Each structure stands twice: as structure tokens, then as C-alpha cells.
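In the two assemblies presented below, chain A is common to both, partnered first by chain B and then by chain C.
Moving on to the complex of A and B:
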């Protein structure tokens, strides 16, 4: 019985982590789904978000959740600048999607190197009450920081979904994703919508970075990579153009990692995730929720 | 016309002679830089088969370097097989893995394929770490033998010639490959898969064999790389950075052309090594920034890479002259 509850604890922890994967994947999914462009620098924007949390909290002593708002705005601007430099000039040319893959790869390398130069490769973390305070529900313990990150993940996903359905700009984003030519014909400023989508996607990545940083003790220039891979896995799992899909896919990935740890070993956990990922990628490239929960 | 043709050969002969006598007058650092440029050029050319001609953007080629390096090094250290033989086994192992990736490319397009190859490379790294008994796990394998019969040399100049030969072999192979029926088939599939199938090209076979050839060559490159650094470990050999650099070098030079890899490597590798040598101690990451900036600038401003730009300029001048 002790064993059993230990397993439950582990699985729930991983499910919560998986929910956070959903949040880190949200911005990526939005950009990918709408612009059919893959943002390879996604994990690096997460990383910049983590550093935003680190610096605002350690320098100004403000609450990390206010830092999340700061990061949302800051990264939104950074995203728009990136879009102007790296996406808009190539996205409409023939072979544009391959070109965006390369240009964002360039941005990714630049961001990582800049972070290395500015902030050194040594890992950092910051103390906060949310990380060191625990709550217990039905005998399952989790840190407040992780619980909040999980909750924000769900709220953000619902908010983005509602934004796309109800707000005028959101509807325009959906129109552009479904038919860019048609959208232009009815008077939508397509380049402007693309700019806003990319900005929003990167802003969400920045916010996710802050929430991850509240409990993740390993803020370093290549930290994005770990979460990056998880985000790609989640987006592929969920299927493109699904907003709700990412939360379910995130939790599935999290639980898979947990099961891998229980059944095999910690070393085997990651192997299992990649095997499952490649299997899904090959058998069902449109994702698990690609048809059932079609959005955007 | 004949006169022009003769000039072309004179230039090639002079370049060849300069490259061959280079270690005689240049210092060790310069030799080492050019040598690494050749190695990366060869790796980029290997990538070009599937990434350039095939149009399948792989970001997992570090996995093939690793499979090649591990195969020949295990053969060398555990069984005493010379890498002169082991490199062919390395190519075959990497090629077999490449064929699997080729099968995957039938279902995955564009970014999905790129992602699949990243995941594949990560998986290879994790498996190399996991099977400690064979691979030495996180500690890796140290090459303890010595002597030219084991492809191990005392001076950098020897490695320079080894990698020069490798690069020339890669170049000649791509020249032949480009004009071969198989190479033309691969390009046809890149341009329009349905049309290629319509004219009787076996898409399945061509894609799988194309990926296998690319991986085979990369695996051989992996052996040479291991022989040069004398030491392999999963985290220093299966790096996303390497996969990215290989692709970036080829794209910057001109993907889908025999010379792209060489041009890209001759520009990017010396630049980044110089930056590292000058600032490396103080500022880590400066040399990598270069890859990012050059990649970004070339893709946005010069589609087709530097070779494409030079050729367009050349063609327009020739037209103007006539």
C-alpha cells in the first residue's frame, strides 16, 4: 500500500508536469497551426522567459507571477522583432516553410549564444515561497509553484481558445490559418495578423518560461532545449491546429514519463518517451487529436 | 571555348597543388583549421544527398556520425580491427540506420521529418548511454592504439591529407551522383513527387536508398572524426549543434550542388575557429553566433546559398558578354 501511494504520487507529479508541457507547447502550436511555420527558436524563447523571471525576481524582488506578465510583454515584443527579421521576408516566397525553418534555426543559435555570452553557462535558480511551500490533496503532495503552473496552463489554453473564437482579431487569425488568400480578399491585413500571431506565440512561450522557472532549478542558456523537445512532442501528439489537444497530449506525455520511471528505470524513461513519440509520429502524423478536436 | 576549358583546368590544378603543399609552409594552427573545414565539408556533402538533392531536411545527422564513430572504435578497441576496414562497417551500420530514416521520410514531410530526425538522434544518444557494456556509457571510449596501420598519426599534417582526400572523394562522388540516373530521380522526387512517380521513378526505393547513402557517407566521416579526436563520448558526439552546423554549412554554401558543402565549410569553419581562438577563453558562444547570423542573412538575402549567388552572377555576365 505504501508502494502504491508512492506510485500514485509519482504519476500525479508527472501528470502535473505534463500539464505544464501543455503550456510550454501552446505558443508553438499556435504559430505552427496558423502560419504553418515551425518556430525552431521556441525553446530559446522559453529560456529567455526563464531568465526574465530570474532577473526581475533577483534584481527587483518582485513576485514571479508579476514577472510572468513582464515576460509576456517583453517576449511579445521580441517575437514581433523576430518576425520582422526572420519570418515575414521569407514566408511568402516559394519554399517559404523550409526557409522559416532555417531562419528560426538561425535565431535559435543566436539567442543561445547571446545567453551564453551574457549570462554564462552556469545554471541558476531563485528562491521563492511558492517553490518551498507544499499543498496536500488526498494524500498527494505538490509544490504550490507546480500547482499554479498547472492551473495557469489550463486557464491560458481556455483563454487562447476563447480569444480565437470570440475576439475579432482571434477570428481573423483563424481565417488566415484556414485560407490566407481568402482572408486577404475579405480585407484582412494578412501580414499584420501574422505579426500578431507570432508575437502572441512567443509571448506565451515567455510566460511559460517564467512559470517553469518558478520550480525548475536549472536556468541556463540551453535549458530551453529540454522543454523545447517536450513542446514539440506535445504539439505533434496533439496534432496541428488543436488548442485543447495540447493539454491532453501534455498530460499523456507526463504520465508516460512517470510510467517509464516506475516500470523501467529513470534512465529508460526518456528512451521510452522518444520511442512512443516516433511511433506516434509515424503511425499518426496528424496527431492524436488532429481530427477529433479540430480548432483554429 | 577550348581556351576557356583549358583555363578552368589550370585553375583547378593550381588550387590542388596549393592545397597539397599547404602543410609544408603553413603553421600547425592554420593546417588544423583547414583540415577541420575539409571534414565539415565532407559531412555537409554527405548531408546534401538527402538534405539538398533529396530535399528532406534532416536535423539528426549527428546520429550517423556517432553510429559510424562507435562502430569503428568498438571494432578497433575490442576486436583490434583497423579503422581502414572498420570505416566500411561504420558506413554500413550508419547506412542501415539511414535506411530506417528514409522509410520514415516517406510519411513525414518538412518540419515533421526534421523533428523525427531530431528525436531519432536523441534516441541514439540515449541508447549509447544506456548500453554501457558495449559503449562505455557516459564515459565513452578512449582510443589507445597507435600507428598509421590503425589510422592514427603523429602530426596534424597527416590528418590534413586524410581529410583532404575524404573531401575530394566526397566532391567527386557528388559530381557523379548529380549526373547519375539515381541522383536525377531523387531531385525529381524533391521537385514533384507525384510527377516523378508518374514517369516511372520508384519513389520508395529512391528515398530509402538516398537516405542510406547520405548516412553511409556520414558514418565514414564519423570514423575519421573519432580517429582524429581519439576519444568518443555520447554527449560530445551526438549534439544537436553538430546536426545543425552540418545543415547550416550546406545551406549557406548552396544546398543541392556539389560545391555547396565545401564553400560553406571554407567560410564558416575557419571564421568560427578563429573567433573561438581569439575570444573563446573569455566569451563562450561567440563562434556559434556566427552560424546563426550567417544562416539568417543567407536564407533571407541569398536564397540558393553562396554558390547559387556566384553562379547567377557568372551566368548573367556571360549572357551580357555574348
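Moving on to the complex of A and C:
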């Protein structure tokens, strides 16, 4: 039998994992929840972030957390280019939000294929001290890399929330998400705001990719897939448009996964998550932290 | 959506698919033209022949040889792409050596027609039919047991010889199929050899094994190998109990803390883990995080732990892990196998590193098929009568018996005369990672070093 202290260890481990889910979901939440565009290539941007970490660390020998800043900037630019090619031309058309699903699917296939051409399917990794150095508090042990990813997750979520509430551009993003026509009437450059939102969402995905790569093995063209699925679940579970919600939703999903595996077995890992997920959606279709839509 | 939106979406998808098509590179696209393949072969021939003249090389201009097409069915994209690439390297090197007349007993030219299964069963079956239409005389494939099985069933249906050099699931050769032949060991044999090796190693080190745990990924590979472990456990460890058994989905797993915590609580002497690469690395990382290591951590089934990336990703933390291995450079230090060192040298010249189990197994499978094709040619079968020639190749495969020592690279032989066409001589060695290298520790006659058992733990 697993001892009580081991249960505590596992709950903390899975809460940390859930926090990382929150981080990987943050960019998606911003694009999907705030901008109402479905970014099917989210996992692929995570993957590009992972490769950015691999190349910057192995070629230049820099610290992976500096690589996270590099990835934030590079992926931000890549996101803006993607927006110009695949989002802006369709988003205002009738059925445009649904169309983004198709256009970003195309971007997803392109990114995966380019990764295969440029970097081959061979799995990569980089050595870093953070994943093999451990913190131990009250007998609970975790790697420094996971602890940093969790901490960055919280900081990033607070920062994005405050950015949306207090900074002028952030307020403009919220205005565009709530009422694009009204925003245009009051003089907001709506296409520019959408460009910046998509860029920021992809930049956050890139940064999350780097942080995941510091402790999770196997950087390869399909590496974003597993985190992509978790991100979608977290965003829907939290409710579209909620920023703080993703961290709580991530932690709930992480801990539920953990409970499923500890109490039952790995076969229940996903079952329990989706039972909780579906129950919440049935009781609160707007998500755990989302606001209900009002019929007009 | 309006017309422009649809057009943009379709253009993006087409661009994506085109990029995807070329992503696999010239040797991996679904259809390889004759010219492209010949060009590639000639280039490689020059590289190798220019640097290492082999004793079997002829100096006179060879007579024009018969060309025979062989279909290669491998995962060159999708989840198992990196394994498929490694398999392909072994097959291409074998074809190169055959075409360079490195084996005087084989006198035809082998032309490879390569198809990508995308690690999908339906795609594999469709591609196999396409290869059959292109006139291949036999198939080599298809890495994933779950993909090999339906494609082999289709090959049986259409009467196309199918050589399986690496997929291990028992059921592939348990159907009584006439056209399907496996040169490597099956999952049960992998399991049998794992237990045999660990029992010998434990005995040699004076360690009594009282408890074991079985952890496995939940696809065909993990399930069948673990079934074998359970079947033979009592034969080799009569006093050992299974204290924990758990499976997991390898592709979706993001954490293994729960499994390691349960194992830590049960503290088994040996953990047998059937895994792919990512989950094997994650498992060892988690053992270190939770500060626990069994007396022996054993990668059964020659999965992820046998890959060089396992050591690259874990660094020193990979030390003391055992892994089943079909082939290691250590083999070439033995008297019996030293004569095959030139094959590995050629591989190193082409790819910059030693062969691994996958490339070696596929090299051997290709060689065995080539011997059978030559037998069919010698019997007077005409390659232009494709249906009759396939039957002749099948008949020849059924007579193949190559004793240990005559088969390239491997310490075992091949006997396909048995009713189920499962080579009973194929065996699997055990290696331990010591000082960042795979070292063969069993069978003892191929072991340059002694196994460390029990492992020292994390210290």
C-alpha cells in the first residue's frame, strides 16, 4: 500500500502537472476564449517552442529559461505571420470563426511536416541541471524544472490577466472580444488588436513548449500532441475567456488524473478526467469559471 | 463560409499536404521512381566502395544481373517514424551490399520500392496492395506489430511473400499463414530470454529474487511481451511473486509518478518494463525524482531502453538499466562474429554511428529474403511471371535454413522450415548500460563485462 506521505507527494506532483497544463492552455485560452478563433495548430506551436529550446541550448549553450524568452519573441512573430496568412483573411467573413479551424489545421500540417523535413523524426533532448536537481519540502520532492514551470505558469496567468485589465492594449483586446463592431466605432484598430492577440497567444504557447521541454522527454515533430489535448480540455473546462480559470482547471484536471491512477489504475487516468469534465459541462455548459451566455 | 474562405482553407491544406509529402525525404515518399532509387544507390555505392574495398569485391565488369523488386513497408511518418527510419537504414545497407556483390551467393540486383505506413493499419494495407500492383516479389515490414498483422493478412490473401524482421507479436506467426515468415524472435521468446538472462545474472551475483513488478505500455507490443513474462516467470524465478502489474497508454502519458510511488511502496526486487522511448525515459526520471531504484530495472522486449536516445536523454541516470538487445557492437568482439565487422563499418561510414538492434534485424531479414529470391531464381522461376515467381520465393523461404555463424551479424541462425514459419533459433541478448554505454552482459560468451546486480541506487 502507498503510505499517506506518498499520497501527499502524489497530490502535489499532480497539482504541479496541472499547473503546467494551465500554462500550456494559456495561449489557447487567449486565442480561443478571448478572440473566439479556434487554433488547431496550438500543439504545433508548443512543439516549435520545444525545438527552439533544443537548438538554442545545444547550439549556443544558453540557459533554457533564456531560451524561453527567445521562444516567446520568435513564436510571437511566427504567430503574427500565421495570423496574417490564416486568420485575418477569414475571421470576419460569415462562418469565419469556424473557418479558422480549417485554416489553422492547414498551418498544423505545414508545421509538423516542416519539422519533419528540417529536424527529422528522431527524438531530441537537451541536458539541463534543472530536471535532475530536486527540491524537498516536508518530504515532498519535485524537480526544479517542474517547480519553475509551475511558478512561471502562475506568474504568466496573473500577468496576462493584469495585462488584459490594466494595460490599454489589453483593454482593447477585451473590447474587441466583447464587441468588435463597438470597438471599431470607438476607434480601436480591430485587425491590429487581433494580430497582437494571436501573436501573444502563440508566444505563450512557445514559452510553454520550452518549459515543458525542460523536464518532459522526447522533442519530436508530434511532441505537442499530448499537451494539445490537455490544453483543449483545460480551456473548455475552465470556460471560454477566463484567464485565471485555466490554472484552477489545470490543477483540478491534474489532481483528478492523479487520483484516478492512485486509487484505481492507469486505465482510469483518462476515464476519471472525462467523467469530471462531462459532469461539469452538463451542469455548467459555460465551463467552471465561464459566464453564462444570455439569450438576446 | 464564403467562397474566398473555402479557397484559402483548401489552399492551406494542399500546401500542408505537399510539404508533408516531401517531408519524408526522397527515400521515404510513397512512390519512389526507379531513377531516383538508382541514383541514390549509385551515390551510396561510391561513398562506401571508395573508402573500404571489401574482400568480396569483383574487379571484372559484372554481367548484367536480373533486377528484382522488393516492397518495403515501414512507418516513415507518424508516431513510429524514427524507428521506421532506423529499420530502413538496415534494409538499404543490405540491399546495397547485395547489389555490390558483397555476398557471392546472391547474384541479382535488389530494387527497393518503399512505402510509408504512417503507423496506421489501413494505410499499410492500402500501400501493400499498391506495392503488389507495382510488381514487387515480396514485402519486408512493418515495424509495429499492430500494423504488421493486418498487412500480413492481406499479403497472405493475395499470395505475396511477407518477411517480418522485427515485429514481435506472437499472433503474426500463429495463424498458419503460408506466405508470412518471421526471422526475429516473437514476443514470447523475448520474454523467455529476458527471464533466462536475469535468472542467470542473479545467480551469478548471488542475489535471490523474491518479488517482481510488471509495467507495460498497453499496445500489442507491451501486452504480448508481458503475457510471455507471466507465462515463464515461475520457470526461472520459482520463489518470486508479482507484487505489482500495471499498463498505461504510452502516447498520452504525461506523468508516471503514481506508478513509481506504488512500486516504491511495494519495493520489488526487479521491475520489468516494456516501453517505448518516451515512457522509458520518463519512468527513470520519475524513479530518480521519487528517490527509488529496484535491484534491477529491466527493459523487456528491446523497446525504448535499447535506443541510443535513452542514454542521450538520461545521461548518467541511464546507468545500470538493463535492456534486451538484438544486437550490439560488443558482438563483433566475439570470435564467431568478428568476420561481420565490415558491415557495421559501412553503416558507420553512411550514418556516422554503430548499427542498433533495429537496423541489424532488418539487415538480416533483407539478407534472408535475398537468399530465398536467389534460390527461386536458381530453381528456374521466371521473375517476369510475377505470380509464379512469388510462389517460388515463398517455396524457397520455406526451405531456408542458415546455421549460426553463417548469418550476418547475429549469433543465431535462421530456420524457416518449421510449420509456423517462426524462426526458432532467434534469440535476444541482455545488455546493461554501464558508464554511458550498452554492454552485453548475457549470454556470457558474448559478454565482455560482468553485470552489476544489485544496482547501487541513486546514492
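Here is the rule we go by: the second predicted complex is superposed on the first by the 278 of 296 C-alpha atoms of A that agree within 3 Å, B and C clash if a C-alpha of one lies under 4 Å from a C-alpha of the other, contacts with A are read in each partner's own complex, and residues count from 1 in each chain.
Everything that follows uses one rule, which is that a contact is a pair of C-beta atoms (placed from the backbone, for glycine too) under 8 Å apart; a residue touches a chain by one contact, two chains touch by 3 or more.
Because the structure is predicted, anything quoted here is derived from the model rather than measured.
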Query raised in the report: Does the superposition put A:109 against chain B (first), chain C (second), both, or neither?
Result: both
Requested in this report: Pick one for A:205: touches chain B only (first), chain C only (second), both, or neither.
Outcome: neither
Requested in this report: In the overlay, answer first, second, both or neither for which of chain B and chain C A:10 touches.
Outcome: second
Query raised in the report: So, does A:281 touch the first partner chain B, the second partner chain C, both, or neither?
Result: first
Query raised in the report: Is the number of chain A residues in contact higher for chain B or for chain C?
Result: C
Query raised in the report: Just chain B (first), just chain C (second), both, or neither: which does A:47 touch?
Result: neither
Report task. Please indicate which partner A:34 is in contact with in the superposed arrangement: first for chain B, second for chain C, both, or neither. Result -> neither
Requested in this report: Report for A:123: first if it touches chain B alone, second if chain C alone, otherwise both or neither.
Outcome: second
Report task. Examine A:257 and indicate which partner it touches, taking first as chain B and second as chain C; both and neither are also allowed. Result -> second
Query raised in the report: Is A:99 contacted by the first partner chain B, the second partner chain C, both or neither?
Result: both
Requested in this report: Touching chain B in one complex and chain C in the other: list those residues of chain A.
Outcome: 85-86, 89-90, 93, 95, 98-99, 102-103, 105-110, 112-114, 116-117, 120-121, 221, 225, 229, 267, 270
Report task. Could you pull out which chain C residues touch chain A in their complex? Result -> 1-2, 4-6, 8-9, 11-13, 15-17, 19-20, 22-25, 77-79, 81-82, 85, 218, 246-249, 251-255, 257-259, 261-262, 264-265, 277-278, 281-282, 285, 288-291, 309, 312-313, 315, 317
Report task. Going by the contact rule at the top, pick out the chain A residues touching chain B in the complex. Result -> 32, 38, 85-86, 89-90, 93, 95, 97-99, 101-103, 105-110, 112-117, 120-121, 221, 225, 229, 232-233, 236, 267-268, 270-271, 274-275, 277-278, 281-282, 285
Query raised in the report: Which positions of chain A touch chain C when the two form their complex?
Result: 1-3, 6, 9-10, 13-14, 17, 85-86, 89-90, 93-96, 98-99, 102-103, 105-110, 112-114, 116-117, 120-123, 125, 127, 131-132, 134, 141-143, 215-218, 220-222, 225-227, 229-230, 257-258, 261-262, 265-267, 269-270
Report task. Write out the stretch or stretches of chain B touching chain A in their complex. Result -> 57, 104, 107-108, 110-112, 114-116, 118-120, 122-123, 126-127, 129-130, 240, 244, 247-248, 251, 283-286, 288-289, 291-296, 299-300, 303
